[in-house]
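Labels for the chains are A, B, C and D, by order of writing; each one numbers its residues from 1.
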């Protein structure tokens, strides 16, 4: 498979389309709409195996919500964004569960590492109800849905594969549907903590950064999994790749093209440059300086979006 | 059972002894020692059923470590305290597990509520190894023990009984021993985030504050459970109780004694005063203003104590 | 002066009235109104020297805003509360400054000690404008007021009297009006992070807890000072005092009254009990367990209230 | 002046030397030593105006301390690093002040933005003494130096130029020496929160990121200023510049050299590429994912280094 360096179905479709100079990919439909002047919604629907193979994503629907200027969002912007999330999320919840089915919300990530703290921060604000339904049902409407939530930590702090923790909890508490919040890889700096992808085809924790750990999906957990993914960092390697691609394209455009440059671009053989730029021991990330505020606002959007969907 | 308003075996034994004017309780042995001038260690050993009933604690050993001036502790004080914890903890670990048996460390509490954040903060600093043993064993000594750790949240934020979360993870990852860090109730303000009780008889989350949720113990989880408990708050009701008891004693001592006062003291009938003092909707706690620093230092002591015991 | 153990003019007036069995105090007017079902506003107007001496507060207006259930406040409740604060604050601002006069907002307290972090948290959310008016005036309306803000820390972390820091900044940047946010002492647990007192008679940092440091006022700084005070803790000594007073009253009411009890109540001679309850080295405070959430919501109310008053 | 894109005298000297193919620059001496296997110390001494102009830094001494693996530093590593800092710092303090002269320590930066929080975090741990010398001198040795500390915030949160705040405090409290902790720009990702530069030639807040605000120096404040600077981020533009320079060098080395490439390298004319990579509204930074831990350890090193120098 092509190394897309992004988990966003929309970006993958754009990269594939451009690389193959296609009008549209067979097996992929795209719909665009605006919720308001600051919120764009795109749906990438993978309808057949050809589409699935082209972008390396299972057949299903991938909703992308882009929010402009989330860093300086007003209370009204956050509410409008949460409602846009809820509208899309509700559709998927209704498709996969009945009105009173128990839902478990899982926030992946590490609360002590700012760019990785979004999942745990969302969990903090989820309105859990299962214990109230059990001990004080009079405080909830009669048709309230049992909701639970957990932030399981990451492999580096628990020593346990996330899927094993979640499987243990699912097997022991029997929810009917899982909603997982996770960080995604994206190609675009603009999308950091400003874009939300909602899909019902599961998730692979750490997929974005080259780890190959077991997925959270109906296959591994036995219940449907809705994934809410948000890009929170861009890998530095992605930026340098893009930088050099742009540069080579520029050289070629300016009639400096030659076989050597073409070969360079094809072969991805500037590893040595990346090595010179990046120390071995660190995961270098690119992030806006304002990442703390962006994470704060995005976690409000996602938590509210989930709460009003229950 | 008498309402001791404390989870510390040592305080319960003292209260019982005084109330019954005993030299010592049949079925309870107490040993005292000093690790250094700032660290006192007491062992309450409950040896028979009479002792167990007297203080409402199962037969077993309860080690209490008191650290003076932890708030302003130097690096050396913290290290000495961690070593005292480790010495006692190692004995219990060796009693209940083999050298390479997997251990799961569980930190109870809510990371977002300062006086309840000790458990999660300890987990942050536990050296987990199971994933390294699996993926990069060359980085660890050959006889390294697999260690995992989790901070499961509290019922109010997850909607799930803590025992159900832990049982799911235990059933799915198969550790041989559990170490649980939890907050305890204490009678004494001096002990807030300055005392550690270590016991191998399990734990009931929230026991200290009147909740009756299922215990974490060999009975419910199928593996031995070592509990590390630290008082982090004192309930306001405990303080007002103690305040009025002291006052009535004073009146009696000063020859103001009469039947009415005696009856008051027996019957615990100043509920109306507590109601007047305390708003219904809140859990009022008494805490040193320096609680943030105390929690920080205590979590270093406990995390290091565990790490050097593995 | 009577030891009121509270900085709230309203509580002092109530204590004084009750102690002297008065209908109302000469020189004190009180007006009550409701902003909505959850927000009560009381104005204590000290009109002459007799009133000032009775409650130990200078002649002036003291507005008290009480907000019910702030801990679980919705976004709408917070907005309504902020508007109530703004309405009262605007009146005082207009009385003491012209429309485009520069205002410096000062948040007292220690950001690293949860119950003392309100002032710094408010400052974080103040919309400062002076630098924008200087460097990018096109982004602000033409009549925008220059606003600056600072959180100077506390004596224990800076080594400098707060008034000296503020005086240095005032002398060097020349604002025309100061707004100071500070913690207050209160008698009532119910008021913790739920009540706001606004006054234009200055402030003495740490006054609530028995420290006697220099005041922030027109006298010391040369410009008018509006104080926004919020109770965030209750001293444990206050609670035990109230506890014993209630108890003695109960004994007296139940016909157990005698000279000895009367004398006890007058003489405040149960110091020994307080000493037995409270360790010497700590400032013991009483606080709701939910203090983190209360501080969060109150800082939103105050910051918004200030921002919409500018 | 050449755009060095770094505030480190050592990096500037290396860039200048390489660009001009010099053995050493006239007016610059460099001494290297190792404190231990993990700590390297370099002193760049600018001895004349030629050296000063070459690297754009005033005549004076610039000490660079590089610490390996600070992210995973043990307690012993942190102590050794703090002692290395203290050794260099003491020399400068003794040069500019007498033993009992008052020192004000200033931590620049924004505590709410992780990569910018180092200054405020250091201030939190400075042992201030001026108030103790005033109120409780018996708790300090007779020759204790008065130390004060402040974290004034940043222009974006206060609306006030930092130099104006500090000047106000200096004029009002009369310290004899200022120590300022600030973030620096560096060319090297390896140096993020791992390198410390100590100099006695003052500081320009935000100099590293292209802002031109007034300096903190003897000229503006009237007292000597020792600057402790730590790189905490690398600007994304620096990375892409370095990336393209490396690439062009590679092309040239591989005999693809031609006039066009040479011109490209000279003219710095790939602005359009940087624009395509970087959104306008954000300050994009490159940082290790582990920045929270790095900042934590570095602030311990600097705070201890200062405390043991007093």
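Heads up, the rule we're going with is that contacts are C-beta pairs under 8 Å (C-beta built on N, C-alpha and C of every residue); 3 or more make two chains touch, one makes a residue touch a chain.
Keep in mind the model is a prediction, meaning the values are calculated, not measured.
Taken together, subunit A and subunit C share the touching chains B, D.
Over half of the residue numbers at the subunit A-subunit D interface are used by both copies of the sequence. Subunit B has its Cα centroid 40 Å from the Cα centroid of subunit A. Put simply, the C-alpha centre of subunit B and that of subunit C have 37 angstrom between them.
Looking at subunit C, one finds that residues 112 touch two or more other chains.
Contact residues on subunit C toward subunit B in their complex (touch as defined above): 69, 71, 112-116, 189-190, 233, 236, 239-240, 242-244, 246-247, 250, 254, 256, 258, 260, 270, 272-273, 276-279, 281-292.
Taken together, the subunit D residues at the contact with subunit C in this complex read 111-112, 123-124, 128-132, 146-153, 155-161, 164-165, 167-173.
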